[in-house]
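Next come two complexes, and both contain subunit A; in the first it sits with subunit B, in the second with subunit C.
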Partner chain A sequence: MNRLTLIRTVVIVAFFGLLEILCRTGIISPFTMIPPSEMAVELWLLIASGEVARGMRQTLGNVAVACFFAITVGFAVGAGVHAVPRLRRALDPFLTTYYAVPFFVFYPLLVFIFGMNNFPMIMIGFLFAVVAMIINTLNGLDKIPRVYRKVARMHHMGRTKTALLIELPYAIPNLFTGVKLAVAYSFIGVIAAEFILAPGGLGYAISFAYDNFDNNTMYALMLFILVLVTIINMSLHAYERRLLRRQGR
Partner chain B sequence: MSHEVHARLEGVTRVYPAVAGNPPVHALGPIDLDLRKGEFFSIVGPSGCGKSTCMDVLAGLAPPTKGTVWFEDKRVHGNVPDGIGAVFQEDASFPWLTVEDNAAFGLRRAGVDAAEIRRRVEYALSFMGLKDFAKAYPAQLSGGMRQRVCIARTLVLQPRLILLDEPFGALDAQTRLLMGDELLKLWRETGATVLLITHALDEAAMLSDRIGAMSARPGRFLETVETGWSRDRDSRMLEGETFGHITGRLWQMLRSESKRAMGHEGGVA
Partner chain C sequence: MAGTQATYSRKDHERAERLRYLGDIALVILGIVVVWQILHMLAGDVAISSPLATAIRAGELLGSANFWPHAGETAKALVYALVIALLIGIGVGTWLGAHKLSGAVAEPILVALYSLPKITLYPLILLIFGLGIEAKIAFGAIHGVIPVTIFTMNAVKNINRVFLRSARVMKLTTMQTVTRILLPATLPEIVSGLRVGFSLTLLGVVIGELFSSHRGMGFLVMRAIGLHDVSTMMAVTLILAVAAVAISSILLYIDNRLHRRT
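Now for the complex of A and B:
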């Protein structure tokens, strides 16, 4: 374990330790928050009982679908826009102000179009994530040194081979940053949408527990989401750093 | 030395078309140049005089606006002929590949069999002093070593004409001298014709059989200087008197052109 990882671990342990003490000593009321150790026990019991398995499957499935489409569509649109500079100049203001749009206001419209099922959640997750992928694809393609095109031509490579064998591998660290953000934004979009009006999923389960003063279930599920998202993002972040380090960036 | 012509530029002009309201740029020529088979020829000239454009036209990376380019008696017109290799000023090593995979890149594209790739890559890496770094990534190497990776990637393809566009431009003076020695060794061993584009007069004077001094834009050859060095030369020539004479002569030709390129149109006394 290196020094940075050790510091990070100490900070996390200290935070949860402090929270545990505050909850156990009653400084934080049990009606406000249960101790982290109880959250973990509750989560284990919930998982073992299979009560939330369906909700978990639904949320993770929606996130996976939203993320997959955000990555593939985002990459395709990014590459297409990069290839047409005039289109890019026209779209630039929209891309830079995209995240100023509160997508959740479209939720009723999406329910109207797709009905009360998983599609509105997937759409919200997709809309949240896709532009991060587009922007990072554009950044990655912008950074490709012009000299590589000359090298490709010296090796008698056509446009497609140049793109696949030189440009794409060079841009991968930036594309991976897009993937990392797309995963995070898909989670945010899907779970937030489930809070609003979904018929199921983890967001709905947390909202339902909150409405029914079921702190144990609410905190257990919050802990689950927090741990899952942290593990996924830290793994992606570690891999991204490895890619960047290998390329000397 | 044989005087058989290996590559020829005849009345070559290159004009970059107008872009976004800016007028067309007459970058080069008209120029004529005969590259003799097996010689080491350098082009020196002020910044922006069209040296790199000249190399691009000769490599087939850019078509001439006027004039013709020949390589081994075949016309070159915006297509890169077989037998030409190029190394550029910018670091063009591929950071996602190891040193040996970088060197093997062109051979794999050309479908050369694995045993032959291994043989050529091993030779090129040991020739360029990179054998111990075969499994390293370019990010783990110095600027000079990365440039050697690019030279190795060109060398394995066994080009008959090697074009070098300021390959040591980003390196410090001592490393440049040592790289110059490596380059001379490579030139002697391969027997290839070498065209070096450089802004460094001392580099051109040390490495070349002939040096073409180019005017400010649009670049034209002012004069071609024969150095008269033997083939087994190296950087120790810097101590000699002749080296100083050649460098001085080049500077005499280029001083007013360099001032002109900087915007001092009046020239120098």
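Now for the complex of A and C:
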């Protein structure tokens, strides 16, 4: 373990230690927050009872579907738009301001149209994630140096061959940035949607526990989601760094 | 008329280009409205109100006295949250950018926090701040503070060392160095951070309003849902979206200008 990771670990442990002390000494009242150690114990009990698994299956399932469509559709749209420079220039201002629209206001509307099922949640996760994928696909294709395409032409490669052998491999690190963001954003979208209005899932379980003043369950689930999402995001982040390093960028 | 061909200068060409570009943007907007109209025709009035009906309802709302306190509440929460996010973000970002070790330790933590579904923390915020505007402000601020911190950190980290050395040569005081050197040099990046921060802060405030709130635009949407009032719901959404895009576009314009200058 290098020095930076060590310091980082110390900082994080110290943060939770401080929380623990503040909670134990009653400076933070138990009605506001329970000590982190109790959260972990509660979480263990919840996992053992199988309650977490049910919510998790639903949430992860929705995230996976939203993510899959965001990545495939985002890539296809990105590649398509990139091929038509005039369309791309016209769309650019919309893509850059897209995330300024607080998308969750559409969620109640979607529930209203499609009913209280998984579909509106997947839709919100998809809408939230797809544009990140489109933007990063465009970025990746923009960055391909002109000379690479010239080389392809010199070798008399066709359009498909150029795409598969030259453009795609070069754009992969950027495409992966898009994938990473798509995963993170679908998580945010789906969990926030569950939180606001939903038939089930982890976000719903937290909001249900909040409504019932069940702080123990609520904090256990919060801890669970935060740890789960951090592990997933950080693994993707680490892999992205490796891809970028391999290309020497 | 003989001179017409000759005076067709580059400037005219640029103007024609610009006109075509604006025309293309207008076409995109038209496309969105057409898709919306088609969706309306497919789903009917109970689910999606037509673009025209929504625009009319939005006009009514903008003219009604009941609407403005809610808009004001959202705007107030947004402004407070943004100010808090900027103050903390610029402060912490400057520290992390200037002190190399702290920056290296904090960066992955910031990245992890950035992509967290912060909505899970909302009950905690509610328990600390209660059900009023304070919770919305705090929730908006925790969304906005991270991008501002990251952008400021990178700006300070990548500042040209020669600037700082000249500051020392000219014996500027710390205060002078900050106002004359550090701030102007990092401003473009801070504005970029502000732009991203604005979007996320608004998102935070609106999510806060959708969930246990009694005032604000988000609350109006939720109440309209409860009353099955589709046109109001869509009109509020439209007003919010247009306002957000307008503010974001202005920030984008400033952002681009500042970046071009340096």
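The working rule: the second predicted complex is superposed on the first by the 249 of 249 C-alpha atoms of A that agree within 3 Å, B and C clash if a C-alpha of one lies under 4 Å from a C-alpha of the other, contacts with A are read in each partner's own complex, and residues count from 1 in each chain.
To be clear about the criterion, contacts are C-beta pairs under 8 Å (C-beta built on N, C-alpha and C of every residue); 3 or more make two chains touch, one makes a residue touch a chain.
This is a predicted model, so every value here is computed, not measured.
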item	value
When subunit B and subunit C are modelled together on subunit A, clash or fit	fit
Subunit B versus subunit C, judged by how many residues of subunit A each one touches	C
Partner chain in contact with A:246 - subunit B first, subunit C second, else both or neither	first
First, second, both or neither for A:170, with subunit B first and subunit C second	first
Partner chain(s) touched by A:156 [first = subunit B, second = subunit C, both, neither]	first
Partner chain in contact with A:93 - subunit B first, subunit C second, else both or neither	second
After fitting on chain A: smallest Cα gap, subunit B-subunit C, Å	5
Subunit B/subunit C common contact set on subunit A	none
Subunit A contact footprint on subunit C (complex, rising order)	21, 24-25, 27-28, 43, 47-48, 101, 104-105, 108-109, 111-112, 115-124, 126-128, 196, 198-200, 202-203, 205-207, 210-211, 217-218, 221-222, 225, 228, 230, 233-234, 236-237, 240-241, 244-245, 247-249, 252
Residue ranges of subunit B in contact with subunit A within the complex	56, 59-61, 80, 84-86, 88, 90-92, 94-97, 105-106, 109-110, 137-140, 154
Subunit A residues touching subunit C - in the complex, by the definition given at the top	4, 7-8, 11-12, 31-33, 86-87, 89-91, 93-94, 96-97, 99-109, 111-113, 181, 184, 187-188, 191-192, 195-196, 203, 206-207, 209-210, 218, 221-222, 225-226, 229-230, 233-234, 237
In the complex with subunit B, residue positions of subunit A that touch it	145-148, 150-151, 153-157, 161, 165-166, 169-170, 172, 245-249
